[in-house]
Amino acid sequence: MNATSLTSILIWLPIAGAILIWVLPLSRYATGSLALLFSLAEVGFWIEQAARFDFSRSGLQMAERASWFGDLGVSYHVGVYGFSLWLVGLTVVAMAACTGYGFWVGRDRSRAYFGLMLLLTGATVGVFESQDLLVFYAFFEAMLIPLYVLIGVWGGARRMEATIKFVIYTMAGSLLMLAAIVVYGLQAGTFDLVDGPVSASRWLFLGFMVAFVIKAPLFPFHGWLPDAYREAPPEVSAVLSGVIAKAGLYGMLRIAIAKFPDPTSFYRTTVLALAAAALVYGSLLAFRATDFRGVVAYSSLAQSGLIALGLFAGTDLGFDGAVLQMVAHGLISTSLFLIAGAVERRTTTGEFRLLGGMARGRPALATLLMTVGIISLAVPGSASFAGEFLILAGVFQRAWWWSAIGAGAIVLAAMYMLRLISAVLHEARGSTVADEALDLRPGELALVVPLVAGLLFLSAWPAGISHHSFFGQSPAATVKGQFK
Amino acid sequence: MPGPDVAWYVAVAAVLFGIGALGVLIRRNTLVVLLSLELMLNAGNLALIALARHWHNGAGQIFALAVMAIAASEVCVGLGLVVALNRRRLSLDVDTLSELRG
Amino acid sequence: MTLHTTPIDWFGLGTVFALTGASFLALLCAVLVPRAVRRLAAASISAAGFTAGLVLSIWLYVDSKHGHTIVAGAFYRDRWTALGQVILCGIGLATTLVAFEHVPGWGRGADLARRDDHVAEFFALLLASAAGMTFFVGAGNLMTLFLSLEWFSIALYVMCAIDYDLERALEAGLKYLIVGSFGAGALLFGSALVYGATGTISFAGIADRVASQGLTGDTFLVTGIALIVAGLGFKMSAAPFHMWTPDVYEGAPTTVTAWMSSATKVAALLLAFRLMTTAFPHDGRLWGWAFAIVATASLAIGNFAALVQRNVKRILAYSSISHAGFMLIALSAGSALGGRALMYYLVPYSAMAFGSFAIVAARERELGVPVTLDNLAGFGWERPFLGVAMWFFMFGFAGLPLGGGFVGKFYVFAAAYRHGWVWLVIVGVLATLVSLYYYLGIVRAMYMRPSEELQVQPGGSVAVSGGAPAPETLLHVAVGAALAVSFGSLFAVQPLIELARHAASALPL
Amino acid sequence: MTGGSWLCLLAPLGGTILITLCGTRIPRLAAAWIATTSVFVAFGGAVWTFVEMQSRQPRSRSEITTAWTWLQSGNFHAGLQLLVDPLSAVMMLIVSGVGGLIVLYSIGYMDGDDEERRYFAYIAFFVFSMLLLVEGGNLLLLLVGWGLVGLSSYLLIGFWHERPSAVQAAKKAFVMNAFGDATMALAFFILIAHTHSLDFGANFNVHLSSTAENLVALGLLGGAAAKSAQIPLQTWLPDAMEGPTPVSALIHAATMVTAGVYLIARTHPIFEQARTVELIAAGTGALTLLVAGLIALVQVDIKRVIAYSTMSQIGYMFLGAGVGAYANGMFHLLTHAFFKALLFMTAGLAIHALAGEQDIRNMRGLGRLMPFTKWCFLVGALALVGIPPFSGFFSKDSIVASAAALGTWYGWIFWVCGIAGAFLTGLYTFRLWFLVFPGEPSPFVREHYHDHHGREGAWTMLVPVGVLALLATVGGWLQWSPRWHPFTDWLAPAAQTLAVAAPTNTQEYYTSAATVIAGLAGIALAWAIYSEQTIAVPAAPFWRRTLEHKFWFDELYDAVFYKPAVALTNGLRREFEEPVVLQTGPDLGETTLATGSLVRRIQTGLLRTYVLFLAAGAAGVVLAFLIAK
Amino acid sequence: MILASAGNVLVWIVWVVAAFSCLGSAVAVISFSNPFFSALALIGNLGSLAVMYLLLSAEFVAAAQVLVYAGAVVVMFLFVIAYVGPRHETPWSGGPGWQTIGAVLAAGALLVEIVVAVGMQASGSLSHDDRVGAAFGTPAWVGRVFLVDHLLAFEITSVVLLIAAVGGVILGAHTKRAS
């Protein structure tokens, strides 16, 4: 199999799997295993892709291109850059873990469920790989379709409001992006992201940014976030904050910043301000949130802000740090939500006042939650420390106060994450924590441990990503040069 | 054969059209509404024939003839509905036929 | 005296003849074929007729590279016509499949003896209306336009009321008839005025006269155009000429609604595009703006009103109004791109509209009552295939990239932008946003309710036919076809656009 | 030489990983011994390094070894690299040596705790982090170690996680250190912005604008103060005594808390370019040593007394390093590691024997039952006060002398503070001594005392105490500045003492005299008050309360930082998040639906209305056309 | 000459009478409360229209008008009216208040607009000319035009009529249906 076809395989394999699962009348168990098989195959193919990716070569790699409809210059054009490679990896790994979680907890209506999970996988990979604006938009929207049903059917008590709110919020942004895409594409004569020229139009920039800041999200566009993260089934929340949110940030990097250099510098301060606001605001609210998922939800808001800070710093360190942090935080929040799900399965709640003292007698749970939590608060030496350090060092070169704010927010991060850890694991035993509530079972370990292992590996060698995301010595120059 | 300008005929047609429209708008009896529709079609016919005279080509007259047939068909179906309604012991008052709304 | 009768290009009218002939045959069934097999016979004739029509119109498409008028300029034989006929015949075929199991008369309830009354006539009318539409899309002058309009309109009036035991059916029929005749009256008077201004009724002739005699902006002409716009606006059910739509769609038998909502729009929009661009190119500014405004109104009213409906048929009716608005955007652009956009949009749209109404029909039948958001609960789990299909159509309507609706919207916006109307793009975008709420609402009703709310046992059915549930195989086939079309049109954009381009090239753009 | 350093660094990490992976599959004792062995292996590595370094010329005693590029971006890259030079060698020896003894000690101390394995994993991890801190070959790696020791200190303070107080103390410690980390990080950002690098060399030989230099130095000082519990970031240390006593001995006395001193010595070129800031560091030390000494006077928890004395002794080290006498600061760090660990461990013996009792008012007369403990504690106390020939004497006095060597007005202020500190040290140390050990055992003691198989503790506990007692006695003889100073010479290539801070012998002599007299005076006063009761403690209720409230630092921070933050957040959530951010979407939705029902109203169901709309529409279009044509 | 002018006057008189009776009867159609009278009034309207067709030299159409309309359509009306029985209903009544106002406004607007349009046009292209062939409007001529120029229209009307008949049968003539 030649390398280029890997790109398309990664997109269409899970979608084919979804259709297969919908068609085949299999038992729940068989369906789950089949879905798991597909998502593991995805991981395998991605490893193959990463192995074949040539980091010493510039420009797009493993590109495939076929005209979709020519009269408007729209083509099915997919390929990977360094940073998209990492995000695809994050996607397939996280989705595999979450699919496994769904299998482990035995979701009912399994055929629908697993089909949608696979569909989501394909769509998300598509977002990170597509190199044509309309294809990008198509996948960007396609992610919503399974999410809407996944939250609405398998979610919590207030799932319906949550899911409608989520979809309409995000569509509000992305539809404006569609308008912007139409205008950009017809002006440029092509919708191709690689050949497309840069544009100086501030309106188009804003049109794109609206979609991305809602998806990421940045303050104050996160109205959908708390409900969605609380009401969705844990594995879906994991995907949402771990992977889907990254699509918005990826969009900022790949489209908003790369294609609109002048507007970017014009609105830089504004966006940086929004990002910083998201960082501080999210950290503060996470610090006062009263439940497990609430903390993680608002911390994801803060993290989105941090990453946006790095992206819009527009400096070498900023870009590298942002990509690194995207991957790191993706793994972190995925594992955190999965652990949250495990806790809720045992105690039926995520409310702090009902939890506590779970560390005693549950070493695996304690160790994993402790490890992930500590990595997520960016203790020096961890992957997320590396990411945040680069981001803040990068934005420092823009103006010192951004990194001052960031540093302050990191202290806040320590406060809310330690609060989370001790509220769940430490002090007196919570009223809902029964002795029978077991430690993590092997099945759950098999899902979370690989993610944590990945995090530890990144902690040992963050340069593995930070130095392999953009070709050349200066990421800023690479971005400016359209990744050529 | 000199006589009033074509414009006068068309004007009459216009007025007739307006009267027919008014009839449809202010009458509740299905039958009268159908009659008013006939008036509107006839207004169209008059205009067509007058203008056919003006351009003295046949299209207008043929059009008018065809319209007569059409009018007849509409009446046929319309009256059929009236009969059906009547057989269902329903009022022929169009205002009472408002089960479907909103 | 010798009479030089006009030469008739029989083949050029092949589709129309096929359908009309089939219609007559079906009518004969009503008297010649015993009741026991009448439904089967009539349905088979109808299917055969539509298939023949399909084949012929495809053949016509291939064979009519250079479009021209036939039979003394009464009819256009070109690819625009042929493609429209292909779409119409396709819908007709699907309608036949659904109708075989559904129409007329679930309204007549359990009285089996009378379910098959007028079944033959129904198919005859279906074929007749289809014939009328296939003629309508090719109409070459104002007279044939008016006549063919009445042709299928009258057939539709009767079809709406064919469940004449139901008051709502009669009400729908009467409303449709009266409002329709009023619209026809306006159209007629408008044609008269245009005729008066130019002295001819053939589309091309009008344009020539206007050009040669500098009639642009002539009082009669513009007044006539205005009245014609109103008359056609009624047929497309575009606001503010839309008011009849929800009521008629709700009252008519659902199969008929499916047929109307998809086929009528195809015919009306294609004809309108041809008429405006062929006959009135010089007043493009006027009707362009008019249709833009009408489009905006339709988008606004259709979507807003749909938000607060409970009855699914009404929701879909309003959604069809809003989609008329989308397609009118393409029409108002009046460019070659607009023509392509319109032609493309119609394919997934009609598939989705037909499919969704067909699904409603199935639900209606198993419940025996009108379908509302409440009694739709659990449908998705009870009828997996139909549920998924509905899910599909709803997301497709909403413009999510699950079907061709997405590309259609994109094309329409592109046409509007090329025409320099960014504001129209924004309007469309906002309308889409609003529409999400009710489309998602239907999906929510189908899937996201607790199972206790299930209406019937999965696989079960409220016995229309007394015994076991009807398998409704044909309906599933039809829905599957609609699904295939709306899904396939997402991937097969290029070929479809090629067809549309050739079709549009027949128009003087 | 580098081999030794790697071995030294990785052995404890290996221990941690081994224990974690084995989990509950190995007996507790096994875990304990794995940890102990790993740390002693590390000590072996340190010795190896030291010996190799010994054999080299002073100029060539510094070597950097890189494993791989840890973090890289653009033209900035920081390797995973170790720097071995005299300074780090000393620290390696202290950390792994004292650490080894303390881990050994905790085998006995932690015996019977049902989460022993976790304890030993943590403590081995701490040793690893501390070694990473002192061996780190560039500023980034130093920061990594810096953060990791903070982390392990958090883990160990909160080891008994059912105790809310312990968890709170752990969080407090971590957050305050995170603040220090943040200021250091900011300092590093400045360096990166200027030099695109965090290598020691690149940043030590570069000359930045004085503002930049001062900011960098301030940032580093913030980190140092947080880690070493210097004012104003000192409040976490006393609470940290919630942790097990060996932890207090190792982390909060011997090694981690003194890292600030190491940092100043390590980055002295930066500080020297920002001399003002360096002197501020010295001032901080001076202030802290007084304040801590005063607070120690009124504490009743045996470990807290020692904790405050730790703060005060680190104050001395800061003073020394601040004025530029890095070697003296480091030397005091060394001796302090011996005697303070000794004090904590003897206190631990007492606590262990009294089943966890820590209130010195209940301990009277313990010495009768625990003679070994008693004498060892006395050694530590004398070393602490700085009575010759015990180690404290040699190191402390030279620091005060260097202050005098400055000769400037602030130099003399520092000098006075040093002397006063010596007096306070004598006072609070022997207050402790007289309250706990001499005299008849109190009923409480008799009731709760239990020995360990007839001994005062398990041999694993007694042996380290003995060794440290020896070291606390002789450790200081390594250098007596007026006469011989091998330690200073050894450190010279890494951290050359500033000329201005090099005291003359006379200064050395009279300073020594003064400190010893002050110390003895303190001891005498303690004897008079707590042993003979000839002098009564002055009531001075205000001052007493002030000291008991530790000068109200906690209350201050609570009121200035924590409470406002909480109020702000609650306000944001109530006034902004819920009503605005979360509600806007639904509100818009409501409005839309309202519009919908409005539109719906025109659909009256009346046929004539429909016709009316059609007619009106037609009329409208006609009118529009007639106008627009 | 005089005859001609007299002919002119005569034409004018006939026209005026026809026009007024046409409009008058139209008004009557929509204002009688009894549909039966309305139907009768329609006959008058059709008749006067037929006269105008004659003036416009459309003999055949005039004849057809009388035959088809007066002879067929209206008769059909009358039958149905007799069948469903008299149903009295006064104009301007019922419906929401704004319905009536809107009705007048809309219908009035249409009327005025078109009349204005006619007026604007009358000065221009709608000037009268009398040079029209003698054959114009004769049945033979009409037949020729029908079969030569507008064959399809002819066919279509037949189809439409058939459909309408079928529809009428389905809707109107259902036996044993009254359930």
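Observations on the model:
Letters A, B, C, D and E mark the chains in the order given here, with residues in each chain numbered from 1 onward.
One rule holds in what follows: contacts are C-beta pairs under 8 Å (C-beta built on N, C-alpha and C of every residue); 3 or more make two chains touch, one makes a residue touch a chain.
Keep in mind that this is a model prediction, so the values were computed, not measured.
Following the contact convention of this document, B, C is the list of chains adjacent to both subunit D and subunit E. The chain pair with the larger count of C-beta pairs in contact, out of B-D and C-D, is C-D. Put simply, the chain farthest from subunit A by mean CA position is E.
The chain with its Cα centre farthest from the Cα centre of subunit B is D. Every chain gets a centre from its CA atoms, and the centre nearest the mean of all protein CA atoms is that of A. Taking each chain's centre as the average of its CA atoms, subunit B and subunit C sit 26 Å apart. Centres computed as Cα averages put subunit A at a distance of 72 Å from subunit E.
Separating the CA-averaged centres of subunit A and subunit C is a span of 43 Å.
The mean-CA centres of subunit C and subunit E are about 31 angstrom from one another, to the nearest whole unit.
Contacts with at least two other chains are made by residues 143, 147, 150, 154, 157-158, 161, 164-165, 173-175, 178, 182, 189, 193, 196, 219, 223, 246-247, 309, 437 of subunit C.
Across the assembly, subunit A contributes residues 168 that each touch 2 or more other chains.
Of all residues in subunit B, those that touch two or more other chains are 10, 17, 20-21, 24-26, 28, 34, 54, 59, 62-63, 66, 70, 73-74, 77, 80-81, 84, 94-95, 97-102.
Annotation, chain-chain contacts: A-C, A-D, B-C, B-D, B-E, C-D, C-E, D-E (touch as defined at the top).
The touching residues of subunit E, counted against subunit C in their complex, run 113-114, 117-118, 120-121, 125-126, 144, 147-153, 156-157, 159-160, 163-164, 166-167, 169-171, 174, 177, 179. Residues 22, 67-72, 74, 109, 134, 137-139, 141-142, 144-145, 148-149, 152-153, 159-160, 163-164, 167-168, 171-172, 175-176, 178-179, 182-183, 185-186 of subunit A touch subunit C in their complex.
Chain contact summary for the complex, subunit B toward subunit E: residues 1-12, 14-23, 25-29, 31-32, 34-36, 38-39, 42, 45-46, 49-50, 52-54, 56, 58-59, 61-66, 68-77, 79-84, 86-87, 92-93, 95. Listed in rising order, the residues of subunit B touching subunit C in the complex are 10, 13, 17, 20-21, 24, 30, 33-34, 37, 40-41, 43-44, 47-48, 51, 54-55, 57, 59-60, 62-63, 66-67, 70, 73-74, 77-78, 80-81, 84-85, 88, 90, 94, 97-102.
By the touch criterion given at the top, residues 3-6, 8, 20, 27, 71-72, 74-75, 111, 114, 117-118, 121, 124-125, 128, 131, 135, 143-144, 147-148, 150-151, 154-155, 157-158, 161-162, 164-165, 173, 189, 193, 196-197, 218-220, 223 of subunit C touch subunit E in their complex.
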